[in-house]
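One chain, subunit A, appears in both complexes that follow, with subunit B as partner in the first and subunit C in the second.
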Partner chain A sequence: MGTLKIDRVTVRHKEKVSIKNVSFEAEKGEIIGFIGADGAGKSSLMHAIAGVIAFEGEVRFDQHAYRSPKEAEGVKSLISLMPQGIGLVLYDLLTVDEHLRFFADIRNVPQDEAYHTYKTRLLKMAGLEKFREFRAGNLSGGMMQKLSLICSLLHRPKLLILDEPTTGVDPMSRIELWEILDQIRREEGTIALVSTAYMEEAARMDRVLLFDEGEIIAQGSAKELIESVREMTYLRTPEAPEGTITTLERSYSLLPLSAEHAEPTLESLFFVNALRTNRAPPPVEITRRDSEENGNPVLMEAYSLTKMFGPFVANDRIDLQLKRGEIVGLLGANGAGKTTFIKMLLGLHSIDGGELKLFGRAIRNTDDRQALKASIGYVSQHFALYNDMTIRENLLYFAAMRQIPIDTALKRISRYASELGFSNYLDSVPTELPLGINQRFSLAAALLHEPAVLFLDEPTSGVDAIARSQFWELLSALKEKWGIAILITTHYMSEAEFCDRVVLLREGGKVADDTVANLYALHPDARTFEDIFREYYR
Partner chain B sequence: MKIGVIKAYILKELTELVRSRFIIMVYLMPSMILFLFGYGIRMEVTHARTLILDNDQSPISHQLVSKFEHSKYFDVTLSSVSEDEALRRIKRGESDLIIIIPESFEKRLLHAQPTQIGVYVDAAFPSRGVTMENYVKGVVLDAASSVAPGLAKGIIQINQRSLFNQAMRDEDAIVPGLIGLVLLVAPAILAALLIVKEKERGTMFNFYASPVAKAEFLSAKMIPVFLLHSVNIFIVFLWAVYLFEVPFRGSFLLYWIASEFYIIISLSIGMLISIITRTQIVAVVLTVIITIIPGFLYSGIIMPISSMIGMSRVEAHIFPVMYYNHILYDVFLVGEGLASAKTQGYLAILALYGAGLLTLGSLLLRKELK
Partner chain C sequence: MTKIFWAIVGKELIAFIRSWQLVFVVLYAFSVEVYIAGSGIEINPRNVAVGYVDLTGGGMSQKILTRLHAPEFLPPKRFDSQQQLSRAIFNKEIIIGIVFNADFEKNWRGGKRTQLDVLVDATAASQAYTTLGYLQNIVLDLSGVNLLLEIASHKLFNPNADNHTFMALTEMLSIITMLTVILTAVVFVREKEQGTWDIMLLMPVDPKLIILAKSFSQVIIVMVGIVISLGFVVFGMFETPMNGSFAAFMVLSFFYVFATAGIGLFIAAVARDVMQVAQLSIIIMMPMIFLSGAWTPIHAMHPLLQLLSYASPLRYYIEGSESIFYRGTQWGDLWPYFLGVTAVGGVMYAMGFRKIGRLF
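And then the complex of A and B:
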């Protein structure tokens, strides 16, 4: 089995060029990481290599050369593609076992002794052997992705193309996914092309390709790439001159700064590239809000909150306090009960046990819940936007729902638009915009009624590095200027470090609730927050 | 063609259909359409509320009135209100029909002088009005012939005999047409959904990215629809013959074969729709529009194709409904079967139509992202 050679491949979507003249090569057993902002063309290139989209140029794999999906038919038995989206290729109503049988059948895999041994091994590696009779629709996101991966490995492909397999997946499942991938490529000599939004993952790959606007702008091992931006990376300097990007941790500048250099990461590549192409995002500024704050420092209190779905305990006696000017990170594996908990706090789920207090007043009846909703802002996992209305119309609609007078609403919309940086997009519809912009304007929609508490459910999932860092700056500015309390869930362990306090859920129960510094003190061996997370899930 | 691949896909489709309970729709919808339309459409008028003003009060006028009273088509009320009041009742929707027998009706008849009976019909629904008017004419002529046989003989003899549908039963005329509608709509919807569902969900990638051939994929999608709906051919037949008591005079084999061809046409329409649409909801709406309207218009329920002119006639010939319905009415009501050259031709057209659409669909289906 030979090598993969991509020769001047171009992919067009109607008039738009998604990938232009890209070439690279990969050796047997190599894992190649694709990183880049969304819309940079990573998926298009993967689709072209998998032979599922028309392209120009030539792909050569093994002995086959192909220039169109039709010519690629011959190599499809050697390739596997796992497209972007959790459980995208799974059938909700089929069980795990039925999936394996289906994928083996359509790939014409003889179901002999060797196959069954291999299948059992894959199931075991994925931790799915106990769930063989479960329907895919009832699995957690992490399990769905593991199932998709083993389904795409059944025919022992020589080229594995994985498009963001870990986006929206919890850290434990991510680790398992990587273990499977690593073993398989070692044993089978499979070439794996993997795109990812997690830079910790990219750092583990043999080679990383950085995509920007349809081109590969840098490639090499993670180490080489990181070295290339060491010169431009500094410790955070708030009073930096023009032409500097400052994030919560670091500052980047092409010109030398007087500040001390910081240790760069793969994320630094994005910022340096933004500086080079003159696309540096404007600095974040938030003005104080209209409404006055009241004195009580504790905004929301939950005592022993419990939620049952039939016999299943989704949330088991969880206590939580949200104080003014505090960002609390709610972490846990897929299915640990984070979303359920937030929905209970929101009044979207009934409370099966325990008590919820807002501003020291218990929430008991429908009127209380109404009051609760009026002082909470919520951004759901899937931004609840109307795709047929422009951003401005969306925001006006949300304002009307909150019964905000029209002149106040217009004033706030224009202020948020400029402060959150989407004023250029007010008259576009959400489907035309990158995820990062939609994320910010969903935040604006949740802030229109100037809530005291803000709930964010995986707002940064799938959003690129720069947009994420900007988002966190926004949150920290909101916290300081507005004195707002923020409860946020995320699968990026690096983001946990930006939280004032972290609450860890496991199987519906709370297993940790402390500041990041205290947690590091409790676990002296941990190098990153991911290590701490793993401690609690052992 | 790898049989294993097709089998795996078919097994998957059937499992999904059963678990999503969509299978209930597959068997409920055709029967529902048959019941709703079969019982819902009524061309004949019975129990028309009839107000008779008998201003003559003579033996002959009484005889005429009793003719009306003894007909199932009329519910007669005799009254002596004024004409104006009677007309007001029609306006208020209290009567459908007013018959006014003038004074000296008998006298004029016996003197062989022309006389007139006033008939007012509520024709808000024109076809219902025309039907009632014809019934009234029939009753009057009938009464006239029995009162004065010599007078009527040879001049106003009415001898209507409807061919093929002697009893003039609505069911006989409507139910076969409905079968043509049902078997066009239901398989098309299912076929469209089976492909679009995968596009909408993303599972289409399993086809795109694997060595599964287009022919295998299409067979796997079409065979379950074909088999499931073949059962419906028998179900709707049983409803027609045993519930609606439509006579069946032709060959069952002809009915069966023509229906299978027709189902192939229908599922090919569904397949074509699923090629151009991306979401299930659009696919369903489009299928319903494309199949129900011609299925109903050109079914012969509302008007026979032979009385269509111009554009509608051309359209009728473009859609497959007309050919199938011709065969349906033949096997149910006429019974000529393949002895008729027209039926032979129409059966051949159905077969060609199905083969053509199926080929078109497989040419248009692409194994790549747009």
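And then the complex of A and C:
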């Protein structure tokens, strides 16, 4: 079993070229990371290598060379592809065991003694032994991804292609996924190509390829790549000459700045690349809102809120306070009850126990809520937008529903469009736009009525590094200029550090509620926030 | 309030026009589908293949055969023996086979009792029987019998006894039912699929208004479809008579469509995606259409089914529409149909409204 050689591969989707003349090689047992913005061509290249879409150029794996999906037929028994999207290859109504049997059958794996030992080991590694009789539809996102991974490992592939296997997956499941992957490649000598949006993961790979507009613009070990941008990375500085990008943590500039240098990360690569290609995002600016809010500084109080789904306790007596001008991060594994909690606060789920006060008013029935809907903004997990209307029409529709006078609505829409940076896309349909743009425009929709509280459910999932850092700058500007209170859930542990306070949920209960600084003080051994997270999930 | 109502209606209409597949389906159903039903379903004999064996040497037999002409019959085909004719019928080449026996002509001319042997492929039973009736009439006519009794018939409401106009009309009414249910269910379920449902729930708008506005927008679409179908197909192609008030029909249709939208609401509350909408609509609509008298006249059904048919609002709608189109029933006399549609339909809409309202 040998090496993988990609030779000048080009992939076209109709007129659009998604991958241009890309070449690279991989050795047995190597894990190669693909990183890059949305639409940089990572998925296209993965599908071409897996031999499921037409491409130009040649792929050579082991002894086989192929130039089309048809020629790739011969090596497909050695390849496994896990496409992007949680649970995409699974069947909701089949149990874990039935999945394994099904995937073994279609892959023609003889179900002998060796297979059973291997299968039991995989189940054990994935922590799924206890769930063998569970239907896939009832598993959490993290479990689904682990099941997808072991299903694609059943036939012992020698080339494993995983397209963002960890996007939207909680940190614990992510760690377990990586442990499975690491063990398999060491034992089986499997080559793994993995794309990821989490730079902590990319740092652990043997080699990282950075994609931009269909080309590999940098490659090497994570360390080498990080070193290459050290010179352009500075501590956050308020001085911002032309050609500087400033995020909440650092500033980047191709020309020397007077500020001190900061420790770069893999994320820094994206910013430096944006500077080099003249695609630096405009600095974030937010003007004060039309209406001024005063009064009670405590906007939301929840006392021992409980939610049950049948016998299952989704939220177990959670207390939470949200004050004006505060960003609270709600963290936890998939299925820990974050979304349920937010939906209960919003009134999308009924409250099964405890007491909720919004703006000092106890919420008992739907009439109590109706009056408060005007003060609450919400961005849901998948940026729910009407796909048959343009962004402008979407926003006007939301404004009409909120009974905002048309001239005020038009004024606000054009202001948000320029401040949140989507003016150029106002007449496009959401499905045509990158996730990062839809994210900001969902935020604009949630801000149209100038709410006092904003609930954000995983707004940064699947969005690339630059868009994410911009989003956080927006949030912190909103907090300062508007005095808005924000409750946000996220899977990026690095983002926890931007929150004023962090609330950690585990299996429906609250296990921590403190400022980031205090949490670090409580856990002196932790180097990153992910370490702290792991402490609570031990 | 009214501003929000029209904002929602306008948005739904824009969304409908932008999804060209849906526009195509609606236009197709209201035009081609109605046309096919009107022109395709044939109960009278048409293009019937006739074969014969003539052992008489011509004369009377040819006289009879020349009466079998287009468009009801194809030119009769000659066979040499009865076996050949039987085989042709067996092979579906011939539907009616006539055998003129050797003594047929002689007996006829001699004024003696004689017999014409006819073989019929009775698979298409009603066509076969009507054809036999035709033959009987021809023979009767030729024999010149002077009966003392004469039937003086007067065809009312549909003077040409043309069943095309009737078929096209009932098909249109069935399509109105189907599209209203599906369109209404889809506008709600699409919100579930796109995830905009939650956003809608968080708007400071009375959910009742949202439900009402959304179903109203689909009622408008169906009403436009009705006008198109009436203009181009029902009146345009089939020249269906309109003896009553057009306005009465439109008002009755409006009530009916609104009522049927209630079924759509019910389905939308239960279904998770558009696929389930399709499955559920078929399950719910089949008995409703079957019990309405669209396919079988209600008086010909089993007594139990006749009773059940009172629960189908389509029954009142079809009867009412027939009365307006053919009988020219006046406004004042249409009240049973209006009552039936609004009573049964009102209950249905209320049920659907409540069911989906619980999700808000």
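Observations
One rule holds for everything that comes next: the second predicted complex is superposed on the first by the 538 of 538 C-alpha atoms of A that agree within 3 Å, B and C clash if a C-alpha of one lies under 4 Å from a C-alpha of the other, contacts with A are read in each partner's own complex, and residues count from 1 in each chain.
Here is the rule we go by: a residue touches a chain if its C-beta (ideal position, glycine included) is under 8 Å from a C-beta of that chain, and two chains touch if they have at least 3 such contacts.
Everything quoted here is computed from the prediction, not taken from an experiment.
Annotation: superposed three-chain arrangement on subunit A; subunit B versus subunit C shows a clash.
Contact with neither subunit B nor subunit C is seen for A:Val194 once the two complexes are overlaid on the shared chain.
When the two complexes are overlaid on their common chain A, residue A:Leu505 makes contact with neither subunit B nor subunit C. Of the two partner chains placed around the shared chain by superposition, subunit C is the only one that A:Ala374 touches, whereas subunit B remains out of contact.
Using the contact criterion defined above for the overlaid structures, shared-chain residue A:Glu98 touches subunit B, although it does not reach subunit C.
Looking at the shared chain after the overlay, A:Ile318 reaches neither subunit B nor subunit C. By the touch criterion defined above, A:Glu73 lies against subunit B but remains apart from subunit C after alignment on the C-alpha atoms of chain A.
When the shared chain is aligned, no partner comes close enough to touch A:Leu475: not subunit B, not subunit C. By the touch criterion stated above, subunit B contacts subunit A in their complex at residues 2, 4-5, 7-9, 11-12, 15-16, 19-20, 201-203, 205-206, 208-212, 367-369. For subunit A in complex with subunit B, the touching residues are 47, 50-54, 69-70, 73, 76-77, 79-81, 83, 85, 88-91, 93-94, 98, 101-103, 105-108, 135. Across the interface of their complex, subunit C is touched by residues 343, 346-348, 370-371, 373-374, 376, 378, 380-382, 384-389, 393, 397-398, 400-403, 445 of subunit A. Taken together, the subunit C residues at the contact with subunit A in this complex read 3-4, 7-8, 11, 14-15, 18-19, 194-206.
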